[in-house]
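Below, chain A partners chain B and then partners chain C, in two separate complexes.
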Partner chain A sequence: MIDNTPASVGTAAGAVPAETAPPVRPRLTFRQRLSLLDTKLSPYVYVLPFFVVFLIIGLYPLGYSAYLSFFSWPRFGVAHGPGVGWANYSHVLHDPIFRKALVNTLGIFVISSVPQIIIATIVAALLNTELRGRTWWRMSVLSPFVVAPAATALIFGSLFADQSGLVNGALHGLGLSGVDWHANRPASWLAIATMVNWRWTGYNALILLAAMQAIPNELYEAASLDGAGRVRQFLSITVPSIRPTLLFVIVTSTIGGLHIFTEPRLFDTNLQHQGGANYEFQTLTMYVFNTANSSTDPYPRAAAATWIEVLLIIAVSLGSFLLTRAAQRRSS
Partner chain B sequence: MARRPGFMTYALLAAFVVGSVFPLYWSFVIGSVTKERAAASTPPLVPGGHFFENARRVFDQIDFWSALGNSVLISGISAASVVFFSTLAGFAFAKLRFRGNGPMMIFIVATMTVPTQLALIPMLKEFSNMGLSGSRAAVILPWVVTAFGVFFMRQYLVDALPDELIEAARVDGASMFRTFWSIAVPAARPAMAILGLFTFMQVWTDFMWPLVVLQGSDVQTLQTALDHLKIAPGQGIADMALLQAGTVMATVPLFLLFFAAGRQLVAGIMQGAIKG
Partner chain C sequence: MHNPLSQPGGRRVVRRVAALGAAAALVVGLTAACGGSSGSSSKTALGPDDTLKITTFSDFGYDKLVDQWNADPKHPFLVKQTKIADWDPWKQTLTSDLQAGTGLPDIVAIEGDSMPEFLATGASDQFVDLKDPSLANRWLEYKYQAGQTADGKQIGYPTDAGPEAFCYNADLFKKAGFPSDRDQVAKIFSTWDSYFDYGVKFERAVPGAKWIDDSVSVGQAMLNQTKYPFQTADNKVNVDNNELRTVFNTVAKYAPTLSTGAQQGTPDWTRDMADNKVATMPCPGWMFANIKAAAPHSTGWDIADAFPGGGGNWGGSFLAVPQQSKHQAEAKRFANWLTDKDQQVAAFKAAGNYPANLASEQVLAAQNATDSYFHGAPTSKILANRAKAVDPKLPYKGDKYAEVLGLFKSAIQRVDEGKSADESWRLFLQAVAGLS
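Entry: the complex of A and B
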């Protein structure tokens, strides 16, 4: 830490000769005062842009959403109408489409995050060996991350196409019947979760690999002498050693996974963007988006739905944080 | 332990890589056959010779070059801005003493867990009040500086920049900004490169906010253009060859960047994991 108090500026710079300085408080020259101001104010100026941006894109929109969610606002009105208490929240919570969206979001989240983290840990362990062409393997594993979610959704939309897709083609080839990827609810979740897993598993594997590289080799050598096999070493040395990073990966994938929007929107084959003909894979974020374009009180209801989703995301992230920590405590 | 990889290690990793790369190959296969072939019930497995024909149809449906230009411009400006302002704030948090330093940093980290981007409607209204909706600036503004960027640069500078260097510069009479510019920035360069690359990719792949704020505007990014391609009248959804050709075209530019700087991206993700 640099602490440029006036005294240290004065004496260090040697600008105030001792004999002319008043005994109690040295009079500062204009330059010194400017320098002092610079020292005191600069840190605030440097961190200010973040807070301005956060005010514009975070605090104000979220705060205004909270406010708006307690009023009515007809579709073509210029300003919001009278207060309605919790009616908008109650409407959203009782809306069968909202409930479907909630279940869809959680379902997609579970089948995308759990396998993703397990596979990422295994891939990281495989990468944490003396591979030939190490950089090449790492880059290859990361390559799906370079494909934007919108492009990912279109690619997998084609792989999982009901009529012409490769997955159904393969199923037919095996003598099985094809799956209605857009009309069968769990199947549509699986297709969307596959997109998320495809894009993020390699990325998370690299984060876990970094944590694994910090594990001292002696641990493995000792276990090896004790006759522990590779799988045993993975489970009792590798996994426990990377706990903090695992926790980080789980919480970040929770926050990201629950907002899912791009993949289901572009997976849709009808143009109403309602997430399947019968809302099979409409997610909460899509619900907010669609509610804002609906006929009755679009903005206040979308605002109420926004806040329900925000609180849900915070609760689930906190829950996954606490759960993971508790599980780790128990196993140690 | 035998940290030397055996056959199984290579085989499993190879299987994972095939799974990672295959969807891209598939996209090119579908993008290079005729519309009719792409819709057949037995899917093609090898590329056809119709990619350029499909690409021409993509040009007919969306203004591809303009979308590409916008994506480059928006991502480039955002990345430069995030790098500059995050380094500046990261420098203050890592090395300067001021009231509220600790609590403000904790607040910034906490904002990363709040899904702010969900409050779309108020944000959209706010941006149209500022006269920005439908403009490139509206897409860039949320990316002027990010919580992750500030945190990342702070973590890096805490260790990478010795206090003595700053002290020496100040004693020599350098202003605070001059100290930042000639002492902190050179020390922060490796982290700045990684943050820039990472932000560029994040902005490039962003979809929801550009979709909302650019609705009905002539300005589109590559990602929102893909959405337009999908709902293109009479074609879109049913025309897989068109969609995949567009997807390939929208994905190639970022892959070029990946081939050039993928090594740094890998290093950055791994380094960010340790620092974070």
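Entry: the complex of A and C
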């Protein structure tokens, strides 16, 4: 209802001068002017608090860390020291642990986000059918999301314990040998990705479900008249119709996946929080966190590492955005 | 729902502007409040209704003591204690607030192994010198010195100490045909050679159980008996030295066969303990509670009054007063009171932290407390003896001690997890090089 009022005010104001002589404009009373101001400014005033808060706790730290990444700052120093140019970036990029963390992050990201979105889409399609007790099914899909990450990590920590864990117990039961979930690099990624997927698949499924419910039923009816089966309907109607939502889900899970911190940190049995004794699953965010507590130039180096991570996230998000769009254009 | 434009909007706008103004005032007020507090560093005296703040981590056993202080009608000021769950998060807050120059309470607790980095130049300037000649003989010598900078500034008053005994599982010792009596086992723990020899014999006699619960704690104990493990006297990092390499090689040699390979506190470790699969472990006083919690139904655990290669200390904290405190005299006075004889005895009874205060140790030894879980072992007598065995000069802890120690522990953990000793050592050297 707010939407059409500025338009009507606009046309009224625009239409009048066209009919009469140009300099004569209808005089607005003070109240009308205020009212006009109200409609034009109110939306901005309403969203202002968010941007003010974002400016203080989001943009300012972002800018300051970029600034800081070019200086030295000895630990316990009260203020930052002289500028060092790109030395902090060069230190981080030459650090073998950083490279390991980079590979770990990308590895965990690929084996978590990809299956997560595929499964979420399928689960959403299943929930979109005429099930008995639909609400119950939909809510239970979300229940892992309600569990705090710390609790999730505790549960999965004992599931994936190296010697006494349930998963290795099951493997032994099948006559297979157990897996070193903390010391084997790909295995640790898999354990962490399982944790992430368990938590986020249902959440993404519900977002996709909401998009699926907006698809007009006629499309499906027409398709089934033409003899299209369930799978064909899913691929040719459902997936193309939820494209914008799918894009949103892919981009947000890319950002979330590259930020991953809580799960690997709590999965860690290494008391120095290195992400495994041999950095098997240290992620970029863990690297930033650990660097900020190290002995030489902790903050500037952590700031440099953060900015490398930010650029990486932007690049990967943009990449997955373009890739998805191209793939969908081609299919449609 | 009504259309906002159906009524005159004037008053609404006024109200909105007023609200916006209030919000702006709030933001300005908040920033002003943040900036204002760090303005003056003048020291003000506390009255009986003013509050002195202290922050500890984990459990120092001070709850009742603070209540007792506040309940005393003659108290010169009130005290409020904040407890943080773990040292790690508190260390981060402490470090960043030291740099910010504001935000810390009047007394802060600092963990023993991290103390050297707060004693280093740059950090130690941010703390008050608590030196008091009348207190010089109050604490264990090695603990008192560990709270001192190289030029003799006293940064911290010691609270507790972690003199190490050895805990052993008498049931498993009997199974292996070893003596299991508390006095007779002492010879097994007389030297590291004998300790490992018995370990090899044990593995042959009792397959399925392990001699060492976690190689890391054994490695750390051996390391604490070396002279310059990580840094030379002028604080130059030098980890590729014979002393440290010998410790590492010894632990790495026995880890694959003698150790459970689990890390303390993990689900695997807890299960090994609960299933009676662990024979020995280095045991500072605070470890007693961990053993009881992990193996509540085990009947075998006992404590030997011996430690291989001399003595060892693991853990024990300090109280320090940051320069940014406005009530330094009161803070010093309260830290003095908390670490005095009776208070440390009470703290030990509340939280099990063995006091670094010598008079408190004598009180406890005289009471001859025993622990029925450990077959009536005279815990306070054993710990007092173990504290005497610690060489106050070992090891040298430079400013990077805590960090290199962390990397060294990870190196041992890698061996425990099956990596080759040489590869793990190479990674350790690489990680240490990355510290600078």
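FYI, the second predicted complex is superposed on the first by the 284 of 332 C-alpha atoms of A that agree within 3 Å, B and C clash if a C-alpha of one lies under 4 Å from a C-alpha of the other, contacts with A are read in each partner's own complex, and residues count from 1 in each chain.
FYI, contacts are C-beta pairs under 8 Å (C-beta built on N, C-alpha and C of every residue); 3 or more make two chains touch, one makes a residue touch a chain.
Quick caveat: nothing in here was measured; it's all calculated off a predicted structure.
Name the contact category of A:T306: first (chain B only), second (chain C only), both, or neither.
First partner only.
Count the residues of chain A touched by chain B and by chain C, then name the partner with the higher count.
B
Applying the document's definition of touch, where does A:V114 land relative to chain B and chain C: first, second, both, or neither?
neither
Which partner does A:F76 contact after superposing on A: first (chain B), second (chain C), both, neither?
second
Between chain B and chain C, whom does A:V123 touch in the aligned arrangement: first, second, both, or neither?
A:V123 contacts chain B only, not chain C.
Is A:Q163 touching the first partner chain B, the second partner chain C, both, or neither of them?
both
So, does A:S294 touch the first partner chain B, the second partner chain C, both, or neither?
Only chain C; A:S294 stays clear of chain B.
Given the touch rule stated above, what does A:A87 touch, chain B (first), chain C (second), both, or neither?
Neither chain B nor chain C is touched by A:A87.
With the two structures laid over each other on chain A, which partner does A:L106 touch: chain B (first), chain C (second), both, or neither?
Touch status of A:L106: no partner.
For chain A, which residues lie in the overlap of the chain B contacts and the chain C contacts?
Dual-contact residues (chain A): 1-2, 35, 38-39, 42, 49, 56, 157-158, 161, 163-165, 269, 271.
Given the complex with chain A, which residues does chain B contribute to the contact?
Residues 1-5, 9-10, 12-13, 16-17, 19-21, 23-24, 26-27, 30, 38-43, 85, 88-89, 91-93, 95-98, 101, 104, 108, 111, 113-123, 126, 141-142, 144-145, 147, 150, 163, 166-167, 170-171, 173, 175-177, 180, 201, 204-205, 207-208, 212, 222-223, 226-227, 230-231, 237, 240, 243-244, 246-247, 250-251, 254-255, 257-258, 262-263, 265-266, 269-274, 276 of chain B touch chain A in their complex.
Quick one: which bits of chain A touch chain C in the complex? Just the residue numbers, please.
1-2, 5, 31, 34-35, 37-39, 42, 45, 48-49, 52, 56, 74-78, 95-97, 157-158, 161-165, 180, 182-183, 269-274, 277-278, 293-296
Tell me, which parts of chain A touch chain B in their complex?
Answer in residue numbers: 1-4, 9, 12-13, 35, 38-40, 42-44, 46-47, 49-50, 53-54, 56-58, 60-62, 64-65, 68, 119, 122-123, 126-131, 135, 137-152, 154-159, 161, 163-166, 169, 172, 198, 202-203, 206-211, 213-214, 217, 220-221, 223-224, 230, 233, 245, 248, 251, 255, 258-259, 261-262, 265-266, 269, 271, 285, 288-289, 292, 299, 302-303, 306, 309-310, 313-314, 317.
Can you list the residues on chain C that touch chain A in the complex?
Touching chain A from chain C are residues 3-5, 8-10, 12-13, 16, 20, 23, 27, 88, 91-92, 95, 98-99, 101, 117, 120, 122-123, 126, 216, 261-263, 265-268, 271-272, 399-400, 403, 406-407, 409-411, 413-414, 416-419, 424, 427, 430-431, 434-436.
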